[in-house]
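There are structures below to look over.
Below, chain A partners chain B and then partners chain C, in two separate complexes.
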Partner chain A sequence: MTWDWNYVADVLPALLDGLRITVIATLLGSLVALVLGLVFAVLMRGPAPVRVVVRALVEFVRSTPLLVQVFFLFFVLPQFGVTLGALVVGVIALGLHYAAYNSEVYRAGIEAVPRGQWEAATALSLPRSRVWTGVVLPQAIPRVLPALGNNVISMFKETPLLIGIGVLDIVGQAREAGNTTFRYVEVYTIAGLLFLVLSYPAALLVRRLERRVVGT
Partner chain B sequence: MSDLSTWFQVLLLGLPATLIATVGGIALTVVLSFVAGLALLSPSRTVRVVSRIYVEGLRGTSEVVQLFWIFFALPVLVGFQIVPIWAGVLVLGLNHGAYGAEIVRGAVQSVPRAQYEGALALSLSPAQRMRRVILPQAVVEMLPPAGNLFIQLLKSTALLSFVFVQDVTRQAHDVLIPAFNPYVFPILLLTLAFYLVLSLLITAGMRALERVAGRRLGRVAVGVG
Partner chain C sequence: MIVFEGVEKRFGDNVVLSDLDFTVASGEHVTLIGPSGSGKTTILRLLMCLEAVSDGVIRVGGRPLSHMEKGGRLVPADEKHSREVRKHIGMVFQQFNLFPNMTVRGNLVEAPTRVLGLSRDEADARAVELLDLVGLAEKIDEHPSRLSGGQQQRVAIARALAMRPDVLLLDEVTSALDPELVAGVLKLLREIGETTDITILCVTHEMGFARDFSHRVMMFDGGRIVEDAPPEELFTAPREPRTQEFLRAVLGR
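What follows is the complex of A and B.
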């Protein structure tokens, strides 16, 4: 069996359509993860009961497989009367999973802000919300941008497990094509290359950002 | 209550596959991490380039794609089908080995230069230098990130359910959910608990290893936060 370029030309539109879904899931999932992760990180510095609950949730999410979490949301939400499309469930699951990882990233950034900054803000009797938005976060977030970027790339590479709930991303489309034609080499090779051409430059970009952040 | 024990037993049937995939995957990961990680530091340019291609290639493509490629595409090229669980171990090892290689490289590079010079001054051979001076110190640095990597690997074993491995996830998805549909909530919570326990076991094991490795270097065990 050899590489068939005509077959490649036939399936490429479907694969690119899958790529569109993969990118949408990654962007929306990352948006959820970036916002929710920050909320978790701030809550982890809150009063004891909140802190403990958020901490436990984050540890739990990080210690269990994303795929099972995806199934969990997909099958359990409808029982509580919440019926969402597979892609939406996928975005929520990806967002929640990576929010747990991002909260750790933000936490490290927040802890790296010197104590004196908190004390100065308190001395100026800034309200709590201003301490966060005006003093702490503007110093914490820039230095964790590379780590957040790496998590976006990781999420991009994990979106294919949404095929478990029927999302037709790159791999979903590749599988459909492969299962109808029984030609797998082309579709899975192209799927892999599509991931590589997007994630490798992104990784280089993050590494460059990393050097710049370390340099400052 | 009898339902709970039924679910538990059905999930338990998937445990051997999950364990084999995890342990086999970790074993292959460790080997590949050292081989590729040390190769990244090789004096030979060719060796470095080959290793770099492996690391970037495997880190740059998705694990699910790698799994499907080895399971569906490779048999077409080589003419035989790999048993699903071994295809799984192979992918888990190849993929996480690429991440592990960077851990090994970073840890070896973090050993202070004076240690190299000291070993050189004692006229140790390059192999002795690596084995007796550099690696014992580097391994201590590798263990914490390796623990995270192994937990990632454990979580990735769930993907093997896509290629017909009868692991814990597949037992939940293919056996329990269709049979006990009104109870998906407790069933999937129980499934997640299986993985949580395994994660905690890996964490505990790695902490113990960190203490042993630290003590062998004469370092006092540091509080792990």
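What follows is the complex of A and C.
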């Protein structure tokens, strides 16, 4: 088995296009996951009925495989008249799945804010919304940024699951190329390297963030 | 100013306060003393609406605090009502509880702008004036973590005063301080007591302070008022054996 540089040059544009899709899916999925996770975490401190519903949703999402959720959204929703593009479904599925995990991360951060902070805010009659945005979240979120960052990296590495619904991410493109030429070494090696090139620096960044958070 | 009518507070089966009746006049300084677990702090927490009464009614300034009037009857207060009545009550905590994510200035202007609707400039002027009073004018742009415990507590007092409260609740405000910092905070409180007409309820273990600061001292034990008398009387000639015993223990005589 030899390494064919000409072949590499041929498939690289397609793989880079796949990388673009992977990055888009990760960024949009993370945006959904970061916002929705925070909403879940805040609602879990709300009145009993809301809390129970959100808790159940989070447990459900955490207890079922991401791939099942992806397939469910892609193949079952159209039967109810909701047809979405593969990438959109991917973003929603990744976003929802990681929102469930992020909500637990946020929750830990929120619980780490001392009770006295809530009480002082209450004693000053601050409106509930301002207690969250002005007092609790500014203290809770910096502490959990590293954990949230790790979840972004995890999501990045899980996007290949979306090839199951035809999203041509890095791995999707690699598979396409490999299936036409029957040369697999180059394409999967490059696919792996592309993941490494992005996720390793990202992991280093998170580690630095961790040290900063611990330092404060 | 403050009226407790048959107030009871239970946590599960544990009765913390039972059938409590007392009034505090406007401008009066009342100190609550007694062994820990006697319910003193719970009284302050009920007044601040950090806890709900299990039974009875609390009134502040003639208005029910724990309840609100609805169709001629008293029903438990909702969040909106509590917030409205609470605006006139300030509280200083044992652990200061300054907001660490804000500067000293931020801590002081937060509630006046958000709750009282003061403009940023008005709130700022008030903050400057109060920091001057507590002797920390130069710390206005510091974060609380850069201040000593005593300084933090003085900022916390300023923060409570920034709301121009009618009632100020002091919950063991010197208990978490290093001994050498206690005097400064107590001196400040005396000054506030002398120069304002704020009604002050104070839970403290500083008997010297209780004696010269309060108009009245209430001795608590087991969720009840054991003795309620002016400080000169209660400290020099306590009538109740339980008070005598408690004072002997804390004063070591």
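Quick note on the criterion: the second predicted complex is superposed on the first by the 216 of 216 C-alpha atoms of A that agree within 3 Å, B and C clash if a C-alpha of one lies under 4 Å from a C-alpha of the other, contacts with A are read in each partner's own complex, and residues count from 1 in each chain.
As a convention for this text, a contact is a pair of C-beta atoms (placed from the backbone, for glycine too) under 8 Å apart; a residue touches a chain by one contact, two chains touch by 3 or more.
This structure is a prediction, so every number in the text was calculated from the model and none was measured.
In the superposition on chain A, A:Arg211 makes contact with neither chain B nor chain C. In the superposed pair of complexes, A:Phe75 makes contact with chain B only, with no contact to chain C.
When both complexes are overlaid on chain A, the residue A:Arg175 reaches chain B alone and has no touch with chain C. Once the two structures are overlaid, the count of chain A residues touched is higher for B than for its counterpart among chain B and chain C.
Residue contacts after overlaying the shared chain place A:Thr64 against chain B, while chain C stays out of touching range.
Shared-chain residue A:Glu119: touches chain C; no touch with chain B. The intersection of chain A residues touching chain B with those touching chain C, taken from the two complexes, is empty. Contacts from chain B toward chain A in the complex involve residues 56-57, 59-66, 68-69, 72-73, 76-77, 151, 154-159, 161-162, 169, 172-173, 177, 182, 184-185, 188-189, 191-192, 195-196, 199-200. Note for the complex: chain C touches chain A at residues 48-50, 79, 83, 86-87, 89-91, 93, 95, 97-102, 110-111, 114-115, 156, 159-160, 163. Interface residues of chain A facing chain B in the complex, by the touch rule stated above, are 1, 60, 62-69, 71-72, 75-76, 79, 156-161, 163-164, 170-171, 174-175, 178, 183-185, 188-189, 191-193, 195-196, 199-200, 203. Looking at the complex, you find that chain A touches chain C at residues 114, 116-117, 119-128, 130, 134-135, 138-139.
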